[in-house]
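In the two complexes below, subunit A is the common chain; its partner is subunit B in one and subunit C in the other.
Now for the complex of A and B:
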C-alpha cells in the first residue's frame, strides 16, 4: 500500500522553490523524513509540503501550479 | 464631467465598498471578477460583471493588458482601482489615461513620483517636511562616520550601502561605540558585497506609525487628521485608531500641516495618505512614504470626520472642486478598526480559506463591518486573507475599546478560522488600554503569550 502525501492546507501547489529554479524532487527520487517536496501558496504566503517519513517519491498526483484542497493527495511515496 | 459608469478593478471588501459608494452617487457599476470570484458579494451588488481571467491574481487582477481591454470593452467612463493590485501602477494608469478613461486617482506622473522612495523624500524635503535624518552619500571612513553621525543625531543605524533587507544592520548609541562598530560594519560589507560603503540614518527606537489622510482636487488640499497604525504583525497593520491619542495639539497641527504642504506641492488630486514614523520620546515625526490610493483603514477617518472618502474620490475624479474647506472638517470622538483575516491565530496565523458555514455580522449603533462575507461563501485561497474590517466609534478611546469588545462578541464566522480572538485578547490588554505600543510591540506581545502558554 503506497503512502500518500497530503496537502496541509488548500491553495496552489508548486514543485519549485521559485519559477526560475529546478523542482525540489523528481519522480523516483529518494526523500528524507521532513524534506520539502513542494510548496503551497495560500493567501499570499508559502508553506512547505514535507515528507513525514523517508522513502522514494513514486509519483506526483497533481501538476505544478494546480489548485489543491486541504488533505488532497499530492504525491505517492514508496 | 461627473462619472456615469464605473469599472471596479479590484475584489473583496473594497470592491463591495466602492460599489456601495458609487450606487449612493447614482453611478452604474461594472465589477471585474476572476473566474474564482464570479459569486462574490461585489459581483452580486454590481450592475454588471466582467470576467477578466483565471483565479490567480497574476493572470487576472494584476494583468494590465486584460484589465485595460475589459475596461475599454465595458464602455465605462471611469475606473476605480481600490487598494493593492494595480492601484499604484503607473503603467496601468497611463494605459487608462491613453484610452481617454478617467482614473479615480492621481495622474500616472504623480503616482510614479510618489511611489519612488528617493523622489518622494526629495519632494518632502523641498516642502519642508521632516524626513528621517540620514547620511549624505556613502559614508567613506570612520572620520566621515563621526561627522555625519553628529549631524544626524544618536542613536544611528548603520548598514551596507550595497546591502538589502535587514542584513548587517547595527544600532550605534554613541560616538564611543561608533569607533568599534563602523570598522566592523565596513569589513563585513567588504566581505559580503565587495564594497565597504555604509549608509547611516537616525534610529528611532519604539517608533510608532502615524499617517495623515488628505484629500486634494488638483489645486486645493485639506487634511482629515491622522490615524495611528502601530499594531502590526510582519509589517502588516492589524489594528488602527483615529485619532492618534498620544499627540499633543501642537504636534498634531504641525504633522497635519506638513502633510498638506507636501500634497499641495505635487498638486495632489485624490484621497491620499502620508505615512510617518513618530518618536514618542522626542515628539518628532518623520515622513516615510505616500500612498496615492484609498487605504484599507480609511473608515476610521470617516467615523471621526463624517466624510465619505470613497464618494469624495469619485466626485473629485468626476471633476468637482473640494466642497468643504479645512475649517469645516472636525475630529469627533475615537474610532478603532480591526482587520478580520481568514487566518488561525492559534496556529501561527495559518491561512484558513474555505466555506463559511455560518455568518452573523455584529450590529449596533456606531458599529460598522465592511466585509466580503455572506453565509455559504467560499473564501478563496488565491488572494489576501482580509475578509472584513470591524469599525467602532465612541466618544473616547476607552469607550471605543469597550465597544470593540462588544462588537467582536457579536461577530460569528463559522467554517473558517479568523483573527477575531486575537483582537479580543488585545482589547482586554492593559497596555493596549493605555495606548502603550509601537510597531514592534505586537510581535513581542505574541511571543510572550506563546511562552506563557507553553509553560502552562
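Now for the complex of A and C:
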C-alpha cells in the first residue's frame, strides 16, 4: 500500500508557490521529509502540504487549483 | 483557566450578538459566524446563549484544562478528542483537570464552537468580549488565541449529559451546496433585470480568499441599469461605484464585477453598491461553507428573514435539550 499525503485542512490545493512559478514537485521527484509539495488556500492564507517522510512522489491525486476536503489524499508516495 | 497548546487557524473568543452599537464609528459587531451552533453550545453548558465561547475555523485548537469543567462542542465536525478518545459533539461533557481536548481539521462544515460552563472571562471592550482581529480589539490582547496563552474562565456549574436532538441542530451540508436567503437592496435598482436573474439563478463559488471580513464569490457577469452609468462623477468611474454610503452587515458588496458578502468583521461603509443583503438568519450557512462550495441565493422578504431568525432563536433554548 503506497503512503498517501493527506490535506491538513479543507481549501483549494495548488502545486505552485505562485501562478508564475514552477510546481514544487513533479511526479517521480524525490521528496525529503518535511519538504513542501503544495499549498492549501483557506481564509486568504496559504498552508504548506509537507511530506511526513522521505521518498518518491509517485503521483498527484488532485489537480492544481482543485477543492479538497480535510484528510483527502493529495499525492501518493513510494 | 484553559491553556492553549495549539491555536488552530485564527481560533477566537466571540460572544453573541457581539459588539453592538458602534457600527457608526466603524466597529463591526464581530461575534460567531454560525450563531445557531454557538448559542446551542452555551445552552448545553448552562450559560446564557450569547456568553463568550471559542470559534474554531477549518483547523481547531488543542486545549488543556487546569480545573474540572463542563464543556460542549458544536458546529463543524473537527473530530474532537479528549485525551485521544473521540469526544461527543452536541453534548455537555464533564472534563477533569489535566485533560486535553484536541480538535482537528473540519470534515463537515467550516466552523466549530467550544463553550465552557461559566464562559470565558476575558476583558470586555466596548461592551463585548468578541475578538475583532483586524483592529486588535477584544478577545485576549485584541487577537485570536495563541499557543501558550491561558484563557480565563468564570465560575460556572453546568450539567453533563445533555444533548441537542437532531431536529434542533443546523443542517450542515455535506453536498458542497448551500441555499442562502437574501433580501433585495439597498441598491438593487442599480442592477438590470438580466443581472438580477443571473444572480438568483446561478451557482456562485465561494473563493478561498474569504475570511471573517468578507466572503468573495465567483460567478457570472453583473449588468446594470442606467442609474449605474448616468451619475455625477463623484460617484466614481465603475458602474458599481456609488458615493460613499453606509453598508448593512450581510451586504453583497459589488466591487467592480466581484461580489463580496460583508460578514461579521466587515467594513461599515464604502463606495460600492450593495444590490442584495444576506439576513442574519442565513449567516450560519456562510459560517459552515468551505472554499470551493456552491452558493445559491433565494430571495426572501424582510419579514420572512425576521421570522427565520426567530425560529432559530427558539431552537437555542434549554427546554429543547434531552438526556444523552
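Rule of thumb we're sticking to: the second predicted complex is superposed on the first by the 78 of 78 C-alpha atoms of A that agree within 3 Å, B and C clash if a C-alpha of one lies under 4 Å from a C-alpha of the other, contacts with A are read in each partner's own complex, and residues count from 1 in each chain.
As a working rule, a residue touches a chain if its C-beta (ideal position, glycine included) is under 8 Å from a C-beta of that chain, and two chains touch if they have at least 3 such contacts.
Nothing here was measured: the structure is a model prediction, and the numbers come from that model.
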| item | value |
| --- | --- |
| Superposed partners subunit B and subunit C on subunit A - clash or fit | clash |
| Subunit B versus subunit C as contact partner of A:9, first or second or both or neither | both |
| Broader residue contact with subunit A after superposition on the shared chain, subunit B or subunit C | C |
| First, second, both or neither for A:44, with subunit B first and subunit C second | both |
| Which of subunit B and subunit C A:71 touches, first, second, both or neither | second |
| Contact residues common to both interfaces of subunit A (with subunit B and with subunit C) | 9-12, 41-45, 67, 70 |
| Of all residues in subunit C, those that touch subunit A in their complex | 9-10, 57-59, 104-107, 110, 176, 208-211, 290-293 |
| Subunit A partner contacts - residues on subunit B that touch it in the complex | 55-56, 342-343, 350-354, 381-385 |
| Sites on subunit A touched by subunit B in the complex | 9-12, 41-45, 47, 67, 70 |
| Subunit C-facing residues of subunit A, complex | 7-12, 41-45, 66-67, 69-71 |
